[in-house]
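The following pair of complexes shares a single chain, chain A, combined with chain B in the former and chain C in the latter.
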Partner chain A sequence: MTEQKKTKKNLFVFANRPEPAAGGPLPGKAASYAGDALRQLRKDAAAVAAVAILAVLVLMAVFAPDFNEYSYRRQLLAEDYVNMPPRIRGLTWIPLFNGHATLKERQLSSLSDTAKYPEGCVIRTFNERTVRGIPVADVEVDYYLYKGAGEDVNFWFGTDALGRDIWTRTWRGTRVSLLIAFAAVLLDLMIGTVWGAVCGWYGGKTDLILMRICEVVRAIPNVVICTLMIMLMGSGVGTMILALACRNWVGTAQLVRAQFLRFKGREYVLAAQTMGASDVRIMSRHILPNAAGPIINRAVMAVPGVIFTEAFLSYIGLGIAAPEPSLGNLLAEAQGVLGLYPTQTLFPALIISLMMIAFHLLSNGLRDALDTKTY
Partner chain B sequence: MRKRIYSVLLAAAMIILLAACGKKPAVTSTETSEEPKAEPKIIRVSSENCRTFDPYEANSSEDAFNTWCQARLYRSWTKIEGTTDTRYMRPELAAAEPEQKDADGCVWQIRLRDNACFSDGTPITAASFEASMKICLDPKMKHRSGDNMNLYISIKNARTYYTGGDVKWEDVGIRTLEGNILEITTEAPVTADLVMKAFGEYGTVPVDPELYASCMSADGASSTYGSAADKAKYCGPFTVTKWVKESRIVMEKNPNYVFADEILLDGAELVYVQNVQTRVEMFERGELDAVMITAQVGEQYMDSPDYFSTPSRYILMIEINDNTAHYNAASDKKSEPVRVEHRPDDPNNADVFTEKDGKKTYTAKALDASKMTKPILANMDFKNALWYAVDRVTLARREGGEPANFIVPYTSYCGEYSPVRFRDTDEAKAYVEDIEKSFDPALAKQYFDKAMAEEGLDKLELTLTISSDNDEMRICAQFLQEEFDRIFEGRLVLKIEEIPSANRLSKMKAWRTDENAFELGLSNWSRLVTDASPMNQFDVFSSSYWSKCNAAYHCETVEKTIWLQESDASYKTDMAKNVAAAAAMEKAALEERIVIPLFERTTQSLLHEWVTYDFNDPANVRYWLCDIDTELRK
Partner chain C sequence: MSRYVLKRLGLMVLTLFVIMTLCFFVIRLMPGSPFDDPESSPELEALLEEKHHLNESIPVQYYYFWRDIIADGYWGVSLKIEPNVPVWKVLAGRIPVTLVLNLLSIAAAIPFGILAGALSARTAGKIPDRLIGILTVVCISVPSFVFASALQYGLGYRGGLDIIYNSAGTAAERLRSLILPVLALSFWPIATICRYLRGELLENLNTDYMLLAKAKGLTPSQSLTRHAMRNSMVPLVNVIVPLITGVLGGSLVVEKIFAVPGVGGIMTQAISSRDLWLVMAVLVFYSVINLVTVLLMDIAYGLIDPRIRLAGRKGGAA
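Then we have the complex of A and B:
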């Protein structure tokens, strides 16, 4: 076995160029692929906005659950603070955050009963009519006064059927959804990249067998895999991550394989082989960086898909178990009372929509930025 | 040129379209000469999902809707009529009250009406009634209604036949006589009133034996009778004319009903709407006349004149799979499998049938105690911990119910015609503690710590099984989860398992063969037939309720007392005796914490103005079509 010596760069000279090019080396730093992509991305206003939105959402997911004194599972049933509308001190001029609610078909004669309607809680009556000979109306009330809550009690996004603070639960749910999405996509990338690289690089029977396995896994519907895994392992964050990753990696593997097939015959790969570089080194140092663009793009595209699948599974009762919130189970709980307490649906729906849009805009921007043909 | 043709065609098409959208032409004088037809009077109500119209199958709380529906589709011998003060048993399919044929009161004969027939005109005879009862008690089919045959009277050998004992149908005390007469022989003396009550319920209605037989499976263990509108024959005030599964049921007046002239409604339309919000919207738009709502929606409408809240007559409770209690009772060593024998002479309690020298013996199945993964479930200190850890007042307020630290609901009356509620009797008041005292977090913690020390545990994880389609249960489960976590300082982790109702029941009932079928569950018993007999509330907690027990329960006092009804009919007729026995059973059951009662549920509804309904009448539980055959008949 011969000892491999480290060759110095200055030992190499250009064979057909006895002197350095006229004018000397170009001034400044040479632009890297990543630098180029970043510069391209910065030019895309939609992608920049998406990054800003995602940054805010991630920061809020991390810190917002601790912005007030309520925990995500604390129930305020004893205080009877259930289904409270949102109220933010200083923003009560915005109808959404004024803490008002409409009570249906209230008997007009009972509105003066302060035991039922504390002093000053009735804002206005409307839709007056007679039901069974009794005059009734829909009544807009200051729900906080109606429930006897003091000025210092404010639920920024309101409360749910068990008196839990929706602000805390929504942001914690966002955190859980993002955590699951990032972890699942990371796992998906790890498995898919290795699998695809091995298939693409070695080819032959290895490729044949591994790709057939991929096809079998791909043929099983995602929901079936998720359901089986949840039944087997019980619901929880870990299970959700595994369940969501255990099929999605197939797509990544196929993409990586295609990239490897594309690059493995290139001159620089042949040169590396000639110089005795190992398979792992060639795959990781020479081919993978060149295939990074489509892989990154796919990963970013996969995040909203995973968030949506997680939300869907939670929505149908297969996802994160109570009392842990996720955007899906928050929506599932709120949709039954959408007409009566719309804000319970509004905020989780708004956040999941923003995330979806932002991730899609970002992935569009990345696709353009990482595509060398656009330079 | 082509453009011009297209333009002309387009213009013509628009003219035709606009003409079609125009006003209906005025009615000519010849058309108006016809008499305007009266609008058919149809009630439209939101309904639960309907599984079957087989009167012998629908008998669980999940099938509550079916039972109410069936009360309008079927009739038996008698029906309770009148209000609280004027209540009486009216013979329906029976021509008259039953006649006593022996000195003791064990043999009774009842003659059926000659004009009694099904909706299609098929006559209902004593012979077809007997054949129906044979189907009801079929040991292969194990109909749920077979259990009910023991509620008011014990028909001779009926239970043995039903449970697959060594008895032929000819030995069962139901026999057809000449003259369209049915003879009933009971195990112990009974009264005419009890006989009428026994055959006044949905489980004892007749079916068409021929149609039933044609719907039977090859092995005779199941039937598709009642699975479609035309796969059943009806003998009540209404017939099902259309049934779109999970969508709509259309009922029409049955012209062959014995009191057809009394029914004023022309029909009913039952619309299955799962989402309560949609139900309310349909109600507000006038598309439904009556809807059932949840406590959450009820909060919004509670002051409305259209809002009605009535007790549901059942108590939501925590069921504990503590069948280790059997082993504790029989052996100190839990690790040793013990064969427990409940009344080995009684086949009703049998899970294991053995035959030796031609003689069958029946014993309860021996469960292997060593397989119990959570023996703490049978620990009395643990049960006490659960008992004192539930803030029933807060929970009941959230659910719009009444807090309950008792088993017999507040709506149970001391007799069919009595205005006295069981809960108001001195016997019942004697042992039920003040509701505020039943919530004591400090005491709960003490009991919990003791139980954990006894079992050598630091942390405990339990699964609470609930129905995924029940919002009330979900809220209750999450409330308990948080309360237990708070009170037991994170040492008891309650996981909530949500599964569809039918699967939940099957899972829970598997405790007989699987030691770890479930751990904790939320459920309730709803049985209208028990309302007038406090004692009967305990059927479901005894081994006499062969096919339904959700858990082992195993309370010796209940086991011994409940059987007294069979040998001594006075427990069913003498209300003082009945109340005393019920109180004794409830006291023991509560002391042994066979279940942890939470709150008495209510049914909240929105009814349109024209739907009249007497909610003060204890016979009326829900609005389900009650006005069809009560209020609107006047």
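Then we have the complex of A and C:
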């Protein structure tokens, strides 16, 4: 009897169905789970906005570092283009992008010296006073003219203390952060899904041992795991991906396990087993698709956490190391000159905040659309 | 209950043992010796390594490590940052600062979070609720160090509050200089508490006892504060306790921004200068905080839900 393992589809005929059901098949297409969720998501204005923001950020992260001729590591020290304010041609009517800077406490008498202050670079003087008998003032200058840079020199986000273009560095940093986040979450999903599936499906001793391991890993704080990984492997993109996935997968495993426990007793699983489907096939084709919603939702929810952890590790000097930029170490570098050059902090801070907000909005929308309650 | 707590404590000690073992091996396998200095002679390096037992094989070192801790309570001395000072003495001045900063942030966040959550639930769907909703998403998403930079620029450089921690000042001055770091760290817990409480309250508002409260003539605000709030406060413990670990991560950076002499600052230094036992002590500190919060959570769960603490007795859980 066992030799006929494979059953042909046409062997199955409906026993009690002489004619098609009255009224014929239902018109229109059946809504799939994914289609339904997508339709729900499209109704959520915040989630749509989040997707748009993320799309722009990802595109910029991929392409924007090559928009100008500056590289992320070339230091324009010879030209003395250090701590340049941002200037964007065409947008100079916005105070932020007009390339002006304020020089503090300059001698009024020297302002007419064209060797020091090239023709037309002084915009206005204010706060005039005398210090030790010398009349001084704060001077707002067109910093590009002041430094002798031509019309065609434009640092859109300015330059840092080493004369590196912040536009290029910021977007490259965004690229690094996003890459690490996506890779770490993907790795977390892969390990967690397999681990959780094995736990949930096989149960018993396997489950007990594997879940105990999970508990121990979970008890180690994120900071400690990341630090240990970095000490062991040195800092870098690969280490960061591993370090960030290292603890997160436990949550995925627990989630997947719960889903497996929920579905493994269902009739369709029994049916598949009776038809001789292998364990792997049942797990991957019959149970896992049912758990897809919560898993996807968890993945999107995990991204901002990973971005944050990466940024703060790079910030304190444990993550991505110079000259490779990441949003974290860019902010750390800019922090030192915050009082003097706040724009150096502004752009990386804006981008990381936008990115995190967008991911949170998207995960909120997904949670409603997929109608899953996580935690 | 005491049996349940004891069992949890035992598990905690076991976990700490695993973590410390892991830390030990990673720290010892880390490339580079702490005495690797081009200016000192190889003989001196060898002598120093011998003094600190670093020349033995790793298993022997591991044995010494535990023997010292268990027999003498000796956790080693700092090798580089403050040479020959016991590691816990190095940290003794720093741990309270970090703890004060973190606990203050959470303590400051609790009333505001509860207020915002109650207001949001009370006006569900109306403009205040929408506004709080937007603020909540912003506060949960924007990293604490971005808030820190913004506050330092806006209220520090421009507003005249202390830009960095005033470690030389009197207690009042020190506390004053902690305003900005505490503020930067408290946005996230405020938003987390608010979001949780709003959900919890909305669930409670639809219950029968709220209908009764309405029927007996209480105004919506009265019934919210006297009945719905009470029931929502108990599970709030489970949100507040894990906030400690969350805030601790951000505080590493915020401490750096405001030059607060806490544990965070010394960790990076200890790692980069290969100050082995100091690294160990810092990691143990973070692990213990984590384990204690988990323990507190377990106890809180046990207090709230008797089924959990009884499960152990029947042997059903194990």
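Just so it is clear, the second predicted complex is superposed on the first by the 353 of 375 C-alpha atoms of A that agree within 3 Å, B and C clash if a C-alpha of one lies under 4 Å from a C-alpha of the other, contacts with A are read in each partner's own complex, and residues count from 1 in each chain.
We take it that contacts are C-beta pairs under 8 Å (C-beta built on N, C-alpha and C of every residue); 3 or more make two chains touch, one makes a residue touch a chain.
No experiment lies behind these values; they were computed from the predicted model shown.
After superposition on chain A, the partners chain B and chain C are seen to clash. When the two structures are aligned on the shared chain, A:317 is found in touch with chain B and with chain C. Contact with both chain B and chain C is seen for A:339 once the two complexes are overlaid on the shared chain.
Of the two partner chains, chain B is the only one touched by A:131; chain C is not.
When both complexes are overlaid on chain A, the residue A:223 reaches chain C alone and has no touch with chain B. With both complexes placed on chain A, chain A has more residues touched by C than by the other of chain B and chain C.
In the superposition on chain A, A:308 makes contact with chain C only, while chain B stays out of contact range. Of the two partner chains, neither chain B nor chain C is touched by A:212. In the overlay built on chain A, none of the stretches 21-29, 39-47, 57-65 or 183-191 of chain C clash with chain B except 39-47.
With the contact threshold set out at the top, residues 234, 317, 338-339 of chain A are in contact with chain B in one structure and with chain C in the other. Residues 73-75, 77-78, 80, 82-83, 103-107, 110, 116, 131-134, 136, 161-162, 234, 317, 321-323, 336-340 of chain A are the ones that touch chain B when the two sit in their complex. Those residues of chain C that touch chain A in the complex are listed here as 15, 18-19, 22-23, 26-27, 29-31, 137-138, 140-143, 145-146, 149-150, 152-153, 157, 163, 245, 248-250, 252-253, 256-257, 264, 267-268, 271-272, 279, 283, 286-287, 289-291, 294. Residue ranges of chain B in contact with chain A, taken from their complex: 275-277, 280-281, 294, 296-297, 299-301, 303-307, 391, 394-395, 397-398, 468, 471, 474-475, 477-479, 481-482, 485, 495-496, 498, 609. Taken together, the chain A residues at the contact with chain C in this complex read 215-216, 219-224, 227-228, 230-232, 234, 304, 308-309, 311-312, 315-318, 331-332, 334-335, 338-339, 342, 345, 349, 352-353, 356-357, 359-361, 364.
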